[in-house]
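Following this line, the structures themselves.
One chain, chain A, links the two complexes that follow: it is found with chain B in the first and with chain C in the second.
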Partner chain A sequence: MEPITLLLVLVCIIIGGLLSSLAVHLMPVGGAPAAMSTATGIATGCVMLMTGAAVTGLFTASTVASFWATKPSVILVALSGAVGSMLMMGFTMFVANLIYIFGAGIVPCSGRVAVDPITKESQTEYKTPRTDGHGVPTASFVSGILGGFSGGFGGALIYVMLVSDSYAHFSVATAGIVAMGIFIANAIIAAYNIGGTIEGFHDPKFKARIRTGLTCSLIVSALCGVIVVIAMLTGTLVGGVM
Partner chain B sequence: MPVISLFAWMLVIAFLAFIACMFEDLESDIGSQSNPNSQIQLAPEMGYIHRYFNKAISGEGLSYALSCTISGTIAMLILLQFESVGPKAAILAIPVGAAVGSLVHMVRSSTCHVGREAAHKRFEQPIYLDVFYGHLLPIATHNFMAVICITAIAYIQCNLGILSGVTGASNPFPLPLLCLIWGLTVGAIGSSTGDIHYGTERAFQDKPFGEGRRVVYHGQICRYGDCGVRTSKDVASFCAKFGGPATGLAFGLIVLFENWRTVIGMLLGGLSIEGLANPAVAATWGIGIGVVIAIVLVILARTLEKWARNKYGPFVGE
Partner chain C sequence: MGEEEAKQAKQEEKEEKAKPKEEFRLSFDYFNESRLGIFALTICVLIAIFPGLPAFIKGIGIMIVFAWGADSVRKTARYGLGTGVPSIGVLAMGFGIIGGITGIAVASMSFGTLVVGGVEIAFGVLAGVALLALLGFVSGNLANGDKFINMKIPGLERGMTELGIAGTLAVLIEISIVVGTYDPAKVLPNVINNGLIAAIFIISAFGMLQPYNTCLGADERRARTLLMSIEIGGIASIILGIATTLTLSAVQGVPLIVLGAVVWVVFYRAYMKACMDEAYAVKGTGLIKTLGG
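Showing the complex of A and B:
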């Protein structure tokens, strides 16, 4: 196998991993408190939400990659995955807001910033005292959409590099599982870094922690990439074990 | 005609997705799984002895990924055994797979509930045996409905090329992997959206409507129903009126638009019975349509937020 091919696979896995980590930091995750409208964001954990979004993107990416008999277009497959995750996030956040507004009579508002950076509307007077905000305000919604795009692109990029016969040439199922594994490893590291809830790019936590998160992701992704490269060199997974 | 058939199958998948996610959310409400479980877990510590079912096997996504993957694996084994019968074997394979998946889920629910409630002995929370026995069947049946729909979706997507007559329409992933993917997604969506109706509204129905649940209220769950003491079964009947169907709508819309934009892209890329003429054009159109849908969603979300701010106004109270 050409050294340049191995290097390309390694670099793309690292880029995919970094994008996945960035995506988790962009997610408006409220965790369990958001289910009680005690925190702004989506009512679930970072890993759960991001994995759900990424596998939706992975599904579309796998369909689009199968359009080509050989040598799928890396950029188009990765973008298809990105858009898939973006839509998953979009619909989830929209329906969550429907339930907040019509099911519980709650106005979405941020608890971390006084003014929404996109709409420039004040948030403080809409917030229930002794809560950390509630619902998914516009800034968090846009951040979630961007996070979905970034995560979906990262996951699908790893997948297409692994499945393409020009690069790793793993079987479809093996490539899917390996891509999911690398993605989840990055998502868990990012979730530890966030440590609780985050509202999106406007949250002060984002600026404070993104550098650490990306550094850790770089190390994890490089390690995963090296393992994939070893598998490629030894031919362990080529053609697939499944 | 085959292309019309492709669209028809796409609608069947979207409908199944709606049913799957609705039942997934209601099942998690009956078992108090996922996020609102923190309140059921906290209640005895706050002196609120309750009759809710208390299981938090894991996050909903992982729990459903396991159930659906078990179902998909069993279904695939049966399909391979009855390969000579043809597609008719699916009539047996899918329900049997789903039944095994939901039985395993029921076993995990049992151990989880008893273990958690036993740990609450120090707060004088009893293990009510009628609560334990009475909730297992609703949990298993709701789980079965969700898992059978997911397995059916995975089966259709695996064999879409044969079912619709369009070459290359099938998804390349094997049946268990598709079950894993949709199990993860259905759990993630059920956890993200449906839990709000239970956690914010039903679990705290005796607290003021229209405000976020303050931290001081945490653990002080509503324990009485319209008649007598409330159990988790009463939660399902309430959430089935809004939270459950809304959650189903979220997953149904995701599956519908994901497939719709891909199929429209394929049509514009020159789809025929023989397959795709121009894959790059098909992929580009799919991406373009997806981006437009996302922009529309952002506009809709902003409009909804604006409406809520004008209609409800700023927070009033202490």
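Showing the complex of A and C:
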């Protein structure tokens, strides 16, 4: 394999890893407190939420990649992955909000900022004392959609570089499962960095921690990329279309 | 008549006395965290590099590697990470998939596999194990390092390294159970392209994350938690046994299914007994027939 191909795959894995780390930081993650609607966000951990969104993105990406017999368009496949993830995140947050509003009877509001940066509406009046916000307010929703875009694009970028016959040329299933493995390794580091809950880009935590998160993700994705390039160099995993 | 009755009564007594001997006892006191790690690493590396071994020996291998993985998850998740216990198990398998596929790719090179007297020795898979140990160590250092995330969790580096190794070994041993070799020409269609890798991913993740996820709490006891990992190893053996019967032959698959079923029943009983003994009081709901409860 030509060195330039290997380098391109390595660079794209690093970019994909960085985008997935950014995506985890953009997610409205509430963790266990959100299950009782005492924290803003969706009631699960960063990794589970992000893995769900990324796997949906990989499904749409692999479907779109199969439209080409050879040499799928990298940017179109990556964008279709982004759309899949955005849809998944959108449905999750919308249904969560339906349950929070009509089931639990709470008003979605941010606990970390006084004014919603998008709608400019005041939040503090709606926040129940001793809680950390409720539901998925507008700013968190937009942030989650952006996170879906970033994560889906990153995951699908790794996938298409691995599956495309002009690059790594793995089989569809190998590429998908390896892309998921790299994605999870990055998501965990980002989840450690967040340490519990985050509301989205307007959360003060985001600004304080994003730089560390991206630095760690750079190192982890570079290592994952090197490992995948070693697997590519052996040349035995070339599977083509299943 | 009277004598016969007395004989029968004696026999019944004997049977009653004999019954308590069947009680299964297994102690993890000897296998503390370091000993279990060294033991599992040695045994599982040996099992992983000989893909020609019979499937039920590899089945024992996955039970050991699950116990080690569950112990590592316990070590890592004990202090509260801000992310759930399940994500740690999923992380181990995320590492494991990358490592397993790289290991198979390296083992398929000409220098990766030695054939000595007809016995295949796949040293190449150890490259995957070593690379993932490195990746796990680096991730642990990033998470714990002062200049990076600075989580200050004791032993996180070691836990993450062990998760990388255990995950990779689990994937490798399971692939070698189902296919019986590391030749990519057979591994790709039989394990990866048909989607069995997804089942391998989730059963292995469950073997590692489920024990600590269910048992965690104030009265969590290591020996009891690890009983469950071996029980899940039994369930995994049954599932892999069915897959092996389909890909290789019934000669390989059926003993694995039998081993899995026996281990499942024995360790389910042992785990339930341990729970009943250590609980202050047990009240059955009647939904599940609990043993002795």
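FYI, the second predicted complex is superposed on the first by the 238 of 242 C-alpha atoms of A that agree within 3 Å, B and C clash if a C-alpha of one lies under 4 Å from a C-alpha of the other, contacts with A are read in each partner's own complex, and residues count from 1 in each chain.
Keep this in mind: a residue touches a chain if its C-beta (ideal position, glycine included) is under 8 Å from a C-beta of that chain, and two chains touch if they have at least 3 such contacts.
On a predicted model such as this, the values are computed, not experimentally measured, just so you know.
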Combined model on chain A where chain B meets chain C, clash or fit: clash
Touched partner set for A:48, first chain B, second chain C, both or neither: both
Chain B versus chain C as contact partner of A:35, first or second or both or neither: first
First (chain B), second (chain C), both or neither touched by A:219: second
Chain B versus chain C as contact partner of A:142, first or second or both or neither: first
Which superposed partner A:70 touches (first chain B, second chain C, both, neither): neither
Touching partner for A:182 - first (chain B), second (chain C), both, neither: second
Larger contact residue set on chain A - chain B or chain C: B
Superposition clash, chain B against chain C - the stretch among 39-47, 93-101 or 129-137 that is involved: 129-137
Chain C-contacting residues of chain A that also contact chain B: 31, 44-45, 47-48, 51, 172-173, 177, 242
Residues of chain A defined as touching chain C within the complex: 31, 44-48, 51, 171-174, 177-178, 180-185, 187-189, 191-196, 212-213, 215-216, 219-220, 223-224, 227-228, 230-232, 234, 236-237, 239, 242
Of all residues in chain B, those that touch chain A in their complex: 34-39, 59-62, 168, 171-174, 177-178, 180-182, 184-185, 187-189, 191-201, 203-204, 209-216, 218, 242-243, 246-247, 249-250, 253-254, 257-258, 261-262, 266, 269, 276, 279-280, 282-284, 286-287, 290-291, 293-294, 297-298, 300-302, 304-305, 307-309, 312, 314-315, 318
Complex contacts: residues of chain C adjacent to chain A: 81-84, 86-88, 90-91, 93-99, 101-102, 104-106, 108-109, 127, 131-132, 134-135, 138-139, 142-143, 148-149, 151, 184, 188, 192-195, 197-198, 201
Residue numbers on chain A that touch chain B, as the complex places them: 31-32, 34-38, 42-45, 47-49, 51-53, 55-56, 58-60, 62-68, 72-73, 76-77, 79-80, 83-84, 86-88, 90-108, 119, 121, 125-131, 133-138, 141-142, 145, 172-173, 176-177, 242
